[in-house]
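For reference, chains read A, B and C in written order, and residue numbers begin at 1 within each chain.
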């Protein structure tokens, strides 16, 4: 009798271990597959030209016709501009909301409302954000609807809840003893918040911002609506049509010209690398900054 | 709070038990000292050398009592760091130990000057000394009672009795000196009686001191807060004592 | 410092009730009492820190040199009444020097010379100078618990307060660190009025000149420490200090 029960339990336990192992493999497979495909197809265009040349004429290699590879200068510049601009809009708002929630509303309902709003906002599909900005700007000034500016506004809308939530978390991790220590020295409330609490929470805040930027870098839907089609020529102004890597991936991948398709894969690989770098950077930052601040 | 923290639950709390043990020790020591006084006086009065020797042998245990009490009280003070009533009680017991030791020692001294054969002369003096013994033994008993049962009133009553003993001491002195002048042959006996009378006065005084410590422990009052200071003048200048009451000599 | 009819609330709960207390100048006053009796609440009312807790409320007045602190700007009040907490809380992101100079840097624009002078003086006053003089720029967190607490004391002193409040300053420390801080308190009273909350009665006895006993939010007894510990006037006080609480 005893032997039976013991054996059964052992088999069950081992069985579960195998199943969970399979689950891990199941997760890894799609990721590995995507990375593999992207590296394979995008790797062919990875050279210096990628970063120095603009979008080439559409062309498909046929017998006797060599196509220009071209480069992704414009989309890269566009992405950088977009990320910078959207960060400029979203970071102050996000941090401000987080400060309000943690420092000034404390346990009260208004603090929780900020959290709820952030959660809802983060659930809004990015295309809806894009449509929203479109509708807003069309009324205000239709000429600038398709521009880098409106694209960045839409990205900002997506970034704000991420920044808010992570900042809120970071601020909440700062122990109350720090605030009390500062207040007890006769330091005013707002100075305590800005110069002491915020500084203590900086690692977490920076992480949050990097994560938000990584997210924004990869968003395609709102850009499809709002950027227009400014990839073929160098960027002009903020209120002019713009370009970005995700947008180019769409345009290039759906093109009938082989060289444009290749470039699209190149953009995909670049984007993947960018997000990888940002993710690792945010991890490292949290770790390193936190340790440096603790004096180790 | 559900319970009133001051309600007397009948259970021992804080250092109740430890203080009780210390007091029990003091009570036992007091009983020992009382016995030495009682037997010492009777040995002297009846000239019983054997009885006197027995009293002399009780000095060793008395010293032991003294040391043990001191040790136990110091241990209580350092290990428990008591406050308020516990502190006052312990501090008081530390001093009372000395007084009880003195009391026992004075009985010892009486035994030590015993010479053989009772004295048939001077019945007035002998009965006066006997009276002193009665009062003094009763005072010792009273002060131990007061200490044992936290009785402030009982302790306070010691002071008037001490006054009576003082008066009797002066009386005895005068009787003795008068007799010395009359009959020098009785010198040895009378010299002893002089000492014994003085011993009784000292015993009464020490019993009062123990009483003072009991009052201090229970009320926090020191002697100067409830007894007026008096000046003592040499007996010689006082002249003969009035029959009863009168100023403290 | 004088407390007049002070009551403090957390929401609907009254934590301390009608406290009237004269805290003697340039002496150490200890506040003792069982857990939850309101000692910390009382002390936090003295530097107006209590009201920073959500739903907290204060009734009554606290006078310092004749001025009602509850009619002044709280931030300014806290510069005159400093506080040291139970768990040492130096600013972890700052060096020793920056911690001690924090009250200067955040409340004004001091010159380097001014800061140097104040840091030196405060660290000396807190009996920490000798131990850290060659490493004032190292992280505050590199110090031991006892040293961190002395750092917090130095920081509080750098603000040049009139009164120094200490909320169980030695609870989180080992006996040697505790002894050093108790000795320090004995020296501090030459220049500052010290109010110390402690749950350790022997510490109150060692360190203070006056003792206040609080129970269930009320002030039961106040007097010179010797008197309170030798012959307390109130039965409740005696029960507490002899350990006879039920």
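The rule is simple: a contact is a pair of C-beta atoms (placed from the backbone, for glycine too) under 8 Å apart; a residue touches a chain by one contact, two chains touch by 3 or more.
Predicted, not measured: the structure shown is a model, and the values here were computed from it.
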Contact graph of the chains (line, ring, star, complete, other): line
Chain pair bearing the highest count of C-beta contacts: A-C
Between subunit C and subunit B, distance of the C-alpha-averaged centres to the nearest whole Å: 51
Subunit A and subunit C, separation of their C-alpha mean positions in angstrom: 48
For subunit A paired with subunit B, centre-to-centre distance based on mean C-alpha positions, whole Å: 95
Interface residues, subunit A side, partner subunit C - complex: 106-108, 175, 177-178, 180-189, 191, 195-196, 199-200, 293-295
Sites on subunit C touched by subunit A in the complex: 47, 49, 52, 54, 75-80, 82-83, 85, 87, 89-93, 102-103, 106-107, 138-142, 152, 155-156, 159
Interfacial residue positions of subunit C with respect to subunit B in the complex: 201-202, 205, 216, 229-232, 235-239, 241-246
Residue ranges of subunit B in contact with subunit C within the complex: 1, 3-7, 9, 13-16, 81-88, 220
